[in-house]
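Below: one structure in structure tokens.
Chain lettering (A, B, C and D) follows the sequence in which the chains are written, and residue indices restart at 1 in each chain.
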């Protein structure tokens, strides 16, 4: 038994030399526990610590973590990132609540720690990020663009944040290309069937039992339509984005906002 | 040549004995001209007259029409139908503008002409009629129902008449079965992304260049979704409904409102 | 404690007078355990026994079950049903493997127990049953019909049983109406892109990670398309059909094959 | 009147100084006549000649054309391009039949005429080009990819050329990224429901009356799906691509194969 344990330890040590050492903050939350599991399964990643709100951040240092994944709460996430950066640990952050001031403070901090990378991503679903990107790229080539988002009926806000963000990107791309708003001859719409206007783009919110999170960008010109649809059936779908973030953050020093830049979609 | 023409005439006469003799009113309009062409192509139908607004209705009698198709204008359609019924000619009517009073007057007229049938249909697309019917039939089995209609951007009203009618049928079916409104936890919707509420059913109107007329009924329950979608790419799609109407009206005396009753969908 | 238990028993007894007493066979299996949970949640149903393969069927009698739900295995399901019917207990059966002979034997058995109802349903998803029904009803009105089914990539057979059944119903409806096969000018298809031909209906099977069980019936005529799509995201979707079956079986004596007859879709 | 005509002529002359002078070859064909009409409607383009097969190419020179659009036939298109290039006229070519040898000869010719641009595009639908591009870009991020193409039932080959090209691009992108084939546990598929395998990508061909040309790329991973769909309802949809090609070819000397490079999608 002793010998066998020793062998195992040696193997683990040998492996850890080439594997990335990853810790998870907020490891008992829904997203954090999924992230820990995803790290365990991913080739080349080693889960070295799982912390929750009562644990000291010093554990990250003791565990010699190279990357920390933060799925905590808005009130502590910036503090966590500061601690990690000051200890040379890269960060992949899925916690919401980062405003412009917090992002600027983190940029300033990273300027003093030039080798460290921080990824702050509002959406870790690679599919959702691609859908937004493609919608923005295609927007200027079509006369009309509208967005339909569909979610479970327990959602309290409409439209969804992703739909609003997509509309903003589409609107920006069209203005940059000198394309005007989508044509619309509507004169009578007493009950508001035409939905919301967000950055000059119509957005429609459907709420349906059985659904999770779905979105369609509809683009139309004379004689043709292009539809880009993303379906999230389960939050496990975010995990391939988290793992991709962990692998890439170590070679992307400074602050990266949004997963897009890691997808390397350029030509 | 003379002999050959004579032969042809004989053949035509022989054929007409078993074929249904059909006239079109409004034959130079968009729908009327399509209807005339559809009659020409249909097996068992013979086009015997094409009238437009300057022609006398007496032509119908002279041509010995058995069925008249009316695609005229609201101001004359009831007059046309009265003339036809009084002359024993069945009617298939696609002209809009028939209110309750006009329908009641026509019912009273038909009571005095018991062998004559009149079909007044707001929509001759068999696909659209089936989509409405199926939506209403399925409505009580699902927790949530919403409707998305999509049209070309030159349409002046929202929602479409078909969508409003579908919502009414769905709402009625749910109330009859004691099913409450679809669940909706929305608290914040500053720009009206949730669309119109028609008979307790959410209706969303998309306007997109390249489209013609399209509609989806989305029905959802825990773990599942049923979608019924109809696409009209061209008004030629109405013509199979018109031809079906012509064939059936001769065996359906009295007033029929809507194509549904001719589709014989019962079990 | 004693007093409290007594009170509870009294309440349960009072309730059971108006509630339907339901037992589940195969209660530790995936479907059986979902069914037990669905019965617990449903208004008007009381779960009185949960049996698995080591339990004696006499428990059903001791528990005074009125309806038994069978989600067991093909080798024992007929035996279970016979026991239940002979003891005057109605049956709702989701177990597969019922061939014509087994169905005939059960019909004969029920003839000797005229008050008892048995529902044997290959598919308890109300949405899937409606999608099949609507596909069959619409089939004769369109020139073309094809079916696309989409499932997770661990499925070993193609096409799915539901798709094959839908194709059979569609093909039957078209032949009954004298409608020929869908037009198809394909001359070159070296790799079999046109899919399978099942009862004269083309069926296409897509396998995609992330999906569960989905099916589209596509119907097309000149200028229009009708699409009937059903998505199963989770097997919980079968449970509303199971509960509906339990509620209806007590008033449907004899053998019913398929959930359709309980949906009361007639006009 | 005379004065007014003179003024108009002056205006026209003034305008033509800043407008691009465009000629159409094959101007009486379906695509050529649409192209001529599109040029007439487009801002900044002036239609200076419409030629068909009996016309001499010298007309291009006489009309002082700057760009020629070729929608002719495979047997003459290379000859037309050579004439144009040798006379310093840019070319936008939609005629099929360009093999590697013809493309190489044209490259060599253009090397001797360095200021002239030639665009040869198998597909002028911007939507179709974007759908192919996005499919290829997304392909390496998903575990599964399949393609469904849907066309009118008079099409003689399956799968469509666009679907085969999309599959090739998707397959290439996945191999380049080291992503293996999509998972597929199918063991029983007696009738070929799983469709064609093109470059390791499953392709399904649907034929349905009422449709024109449609394609979906379905991409799936654990818990999510991305769908990229393009619908061509009418060949008028090709014309925005033709106009874009005309505008861009003058600043893209040399041979460009495919519209992609003009779309400037890089980040």
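Going forward, contacts are C-beta pairs under 8 Å (C-beta built on N, C-alpha and C of every residue); 3 or more make two chains touch, one makes a residue touch a chain.
Keep in mind it's a predicted model, so treat the numbers as computed, not measured.
Counted as hops between touching chains, the shortest connection from chain A to chain C is 1. Identification of common neighbours of chain A and chain B yields C, D.
Greatest centre-to-centre distance from chain D is found for C, with centres as Cα means. Between the CA-based centres of chain B and chain D the separation comes to 40 Å, rounded to the whole angstrom. Between chain C and chain D the centroid-to-centroid distance comes to 49 Å (mean Cα coordinates, whole Å). Centre to centre, using the average C-alpha position, chain A and chain D are separated by 35 Å. For chain D, residues that reach two or more other chains under the stated contact definition are 142, 210, 219, 221-225, 231, 233, 237. Chain C meets chain B in the complex at residues 125-128, 130-131, 134, 137-138, 141-142, 219, 221-237, 239-240, 263, 265-267. If you check the complex, the residues on chain C that touch chain A are 210, 212, 231, 233, 237.
Listed in rising order, the residues of chain D touching chain C in the complex are 142-144, 146, 148, 150, 153-159, 163, 182-198, 202-211, 218-225.
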